[in-house]
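Letters are used for the chains, namely A, B and C, taken in the order the chains are written, and counting of residues starts over at 1 for each.
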Amino acid sequence: MRRLLRNPAALVGMFIIGLFLLIALIAPLVSPHDPTLQDLALRLKPPGFEGHLLGTDRLGRDVLSRILYGARLSLLISISSVLIGMVIGVPLGLISGYFGGRVDDLLMRLGDIQLSLPFILLVIAIIAALGPSLANTILTLGVTSWVVYARVVRGSVLSLKEQDFVQAARALGAKTPRILLKHLLPNSAGPLIVVATLELARIIVSEAALSFLGLSGVPPEVPSWGQMLADGREVLFFGGWWVATFPGVAISLVVLGINLLGDALGEVLDPRSR
Amino acid sequence: MLTYIIRRLLLVIIVVWGAATLAFGLLYLSGDPVNLLLPLDAGQEARAELRHAYGFDQPIYVQYGRYLLKLIHGDFGTSLRSEEPALGLVLVRMGPTLLLAGWGLLFAVLLGVPAGVVAAVRKGSLVELLTMTLALLGQSVPVFWLGLMLILVFGLRLHWLPISGAGSWKHLILPTITVGTFVTASIARLTRSGVIQELRSDHVRTARAKGLAGRVVVYKHALRNAAIPVVTIIGLQLGALLSGAVITETIFAWPGIGRFVLIAVSQRDFPVVQATVVVFALLLAFVNLIVDLAYLWLDPRVRYS
Amino acid sequence: MRKITLLVLFILGASFSAWAAGDTLVIAQGVDATTLDPVNHQETPTGNVTSNIFDNFYRRLPNGKYQPWLGEVKALDNLTWEMTVRKGVKFHDGEELNADVIKFNFDRLLNPDKPLKYSTYFKPIKSVEVVGPYKLKITTSKPFPLFLTRLTYFWVVPKKYIEDKGAAYFANHPVGTGPYKFVKWIKDQEIDLAANEDYWAGKPKIKKVVFRPIPEASSRVAELVTGGVDIITNLAPEAIDSVNASGVAEARTVPSIRNIFVELDVKGKGPLHDPKVRLALNYAVDKESIIKHVLGGNGTAVGCPLNTYMFGYDEDLCKPFPYDPAKAKKLLAEAGYPNGFSFTMGSPSGRYLNDRQVAEAVVGQLAKVGVKADLRVQEWSSYVGQILQRKIPTDAWLIGWGNAQFDADNTLFTLLYGGNVKGGPKRTVFSYFSDPQFDEYVLQAQSVVDQSKRQELYKKALERVRAGAPWIFLYQQEDIYGVNKRVKWQPRPDELIWAFDAEIVK
């Protein structure tokens, strides 16, 4: 932790993440307007118009307030989806890489099967079976992303498990779970974190795509950055560049913060850098 | 080695069967394919007739059996929309997709790997700050926003490049940059983090201690060992690109498979979706085999027992 | 082999690219055609391409009326019709149009083993008989008053060509009698057509027509204002000002045959069961504001299920409900809901002009009279499936109705007939309204031939609808096109783009 605090990039990252978490928490206190309040006569007003610092959207709602409130849902969706994906994918990747053979074949081919199915088909079928809801959307986004984590961890483990320090641990009689968690996992943390940050951004945008198609379980009046992106896409060139651009900037900032933090975390976690 | 490849090729059959079966099940869950084939005011009778003509009135196990039987003979059926052979429709769209995926990945590797190495070797320098800031930006900009901005600048304002469509090398530039940027950024960052790790590891230190020149150490030892996660991500991204870069294809009206399959799913064109899934399964199996063989080549310690 | 050649050409980067210049008219739609068989598809973008290659038997005019085109039809009695085929019409490959060809067309549509997508329009036809080189006799199984209007869907395909080359080849290399000949089709990229100089109705003024699919709305507009394409469909209302200011292109609109409304599940015991509540909802929604702000002025508020194009429309009974929140509140209080109530409402996304935004605006306005509507946006195919199976998960749902027959029957009967007539047909799949008197009127109107009597019956039916308020009536949609100023062309209410009507002026 102390090493993390000495790293300037990590500090900037933590600051950004902290700021957004805080915003999500106290959105009602800092929002200048009700994010769901429409005023059709004030639609698509540019930034700065009569107290609308970042302008208004296609229904005359305050973009800034929607971004502040949207932080709640977007952070919730993206972070929990990434966590779900990692919780499933990382252990499977460790097992797949370490044991190899049949287990590896089974898990990796399962991954191939899943990746060959169009994502939207999965979503439609899940909604048809379970009904549309926020929880189901998060579950779908999370569960379907396990393959990425599993592949990355497996790749690292394949090469790590033959290295001296793992062999030595094994020779000293370390139990398999210990080897997996104490030796292999920390050593694959670097690429894992990079991939997780990639996924985070992808998931926010995926939610946008889903809501564009009417497949997101998120009700349309509840602001989320993804929905704002989807909403502003049509008017980006003509009519109101600000509707999609500012939520885009918010997404970029969060991803940036998580990346900075993630990079530093990767270095701290890497046993070889100690 | 050869036995390994043969075993993997046999497994492809299982993957294709698994993907085809799952696709069948998911499509069955996704609703009645006849819904959108007729106008809303068409009578129930006309709907039933069409359902019968396509065999959707049969019990599911009969439909599945027929489907598998046809699949074994390489028959994917005809599109419910255009009544053309589904496989042909899919393959026509694979051409532009392969083209875009190929160029996008080439762009990403040629740019991303050197950028990552430079950033790692010059750790703490201005060069690192610059390349990594760019990489972070590339990673955090939403793809559709980047694509539309490229159109805005190079198409709308400067008139240098075509806004949409395909057919000439000029049409390829903006879509390639759009799909490539994100991949470039991830490759650069993974390369950097891998090389930094490796530069600290014992064998590189040993190599350095033995007096090998810095550049040789970096390229012969560090980069090679850092390559595993990079190759993994390239494999994953290639897989994703081969199944179509939906957003990029949409923005640039690129005639690829991603958008095509999106429409096919939205319209419940079952045979087309099923054919696509099988093609994807084959491509992914192939890409992943290459990736696993690349691991072997990159790191001789890797073994598949 | 052809596919491989195409692939190779593609990779080599051979330039197929179209450019809106000279004599070429470039039209950009959201998606590509799915087939070029004119009677075997279910999408307007496909129809736009095929209607330039083929002719229909009756032609729809821009005002919604129709006229004979490839021939004429006369009713001999209630069940038989005489069809006369126009002489001197030739297909692009030289085949002559005659009664045999028309018979072949009917046989194709009526083949029960291989129904086509348009077969449903001609179900009542029992037999088709050639009685002369240019004459046919048609017999129907029941009176078929819509026969003539259905003949606007009767796009005539060649006999010899299809018999020689097969239907699959034909669907990719069509040959018709229309003003444009098919040249080539690169899937999802472009379809090229060339003028048919021997067209029987005159030489087309525009020599080359190219259709391009451009799915992204912003990219379509960008192509339009840079002169890359000449006509774009579904221009976003928000972009109209910029397009008009570009100096290159302008927005052109036409009222469409489509009405947009919110259907209410009036059955059950909830508040929506009470007509007073439903009237209140109609007073609570500010249609004018939605049209002005969300649709950029591109719509006309209506207070009934019909619009001016349709037979049976009545100006008085179709006046929009005024925006009157006070009255809405009063009605709600009378119905026993002084503090409002809540219900769920569904909407598609991207199906109709700004549909999702309209639904959100309706929800926002209902909130002002204390009615809380929970909006659920749904994927289109699932949405349609739920409607067709009467398994709608919400209490209300936003939908548009096109009524391509231009007659009240296909709206009032199809959407609202409740099956309350003894011995009459069962309730239709779309209807949630149940008014015995209304049912009587619309059913009677189906069997009456005298048009003024029908008009009278529909008027009475509309009175019942007005009183029962089974829907929240919204507006008649307008279709917005972006058009390069060099093109002389006016959009049509049936959403088709006919290059034959257009001209390029320099």
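The rule is short, and it goes like this: a contact is a pair of C-beta atoms (placed from the backbone, for glycine too) under 8 Å apart; a residue touches a chain by one contact, two chains touch by 3 or more.
For clarity, every value in this text was computed on a predicted model and none was experimentally measured.
A.B. asks: Specify the chain most distant from chain C by Cα centroid.
C.D. replies: Most remote chain from chain C, centroid-wise, comes out as A.
A.B. asks: Count the C-beta contact pairs for A-C and for B-C, then tell me which is higher.
C.D. replies: When B-C is set beside A-C, the one with more contacts is B-C.
A.B. asks: Please tell me the distance, in whole Å, between the geometric centres of chain A and chain B computed from their C-alpha atoms.
C.D. replies: Comparing mean C-alpha positions, chain B is 19 Å from chain A.
A.B. asks: So, what's the distance in Å between the C-alpha centres of chain C and chain A?
C.D. replies: 41
A.B. asks: At what distance in angstrom does the C-alpha mean of chain C lie from that of chain B?
C.D. replies: Between these chains, centre-to-centre, one finds 37 Å.
A.B. asks: Do you know which chain A residues sit against two or more other chains?
C.D. replies: Touching at least two other chains: 124, 128, 213, 233, 236-237.
A.B. asks: What are the residues of chain C that contact at least two other chains?
C.D. replies: 216, 218, 222, 379-382
A.B. asks: Which residues of chain B are in contact with two or more other chains?
C.D. replies: Touching at least two other chains: 30-31, 148, 151-152, 156, 266.
A.B. asks: Along chain B, where are the residues that touch chain C in the complex?
C.D. replies: 30-32, 35-47, 49-50, 53, 79, 81-84, 88-89, 91-93, 95-96, 99, 148, 151-152, 155-156, 159, 162-169, 171-172, 250-253, 255-256, 259-260, 263, 266-268
A.B. asks: Once bound in the complex, which stretches of chain A touch chain B?
C.D. replies: 100-101, 104-105, 108-110, 112-113, 115-118, 120-122, 124-125, 128-129, 147-148, 151-152, 154-156, 158-159, 162-164, 188, 190-191, 194-195, 197-198, 201, 204-205, 208-209, 213, 229, 233, 236-237, 244-245, 248, 251-253, 255-256, 259-260, 263, 266-267, 270, 272-273
A.B. asks: Taking the complex as given, what residues does chain C use to touch chain A?
C.D. replies: For chain C paired with chain A, touching residues are 216-218, 221-222, 236, 238-239, 241-243, 289-290, 292-294, 347-350, 354, 356-357, 359-361, 363-364, 374-383, 393.
A.B. asks: Chain A touches which residues of chain B in the complex?
C.D. replies: Interface residues on the chain B side: 7, 11, 14-15, 18-19, 22-23, 25-27, 29-31, 136-137, 139-145, 148, 151-152, 156, 182, 186, 189-190, 193-194, 196-197, 200-202, 225, 228-229, 231-233, 235-236, 239-240, 243, 246-247, 261-262, 265-266, 273, 276-278, 280-281, 284-285, 288, 291, 295, 299, 301-305.
A.B. asks: List the residues on chain A that touch chain C in their complex, please.
C.D. replies: By the definition above, chain A touches chain C via 36-38, 40-41, 43-44, 58-60, 124, 127-128, 131-132, 211-216, 219-221, 231, 233-240.
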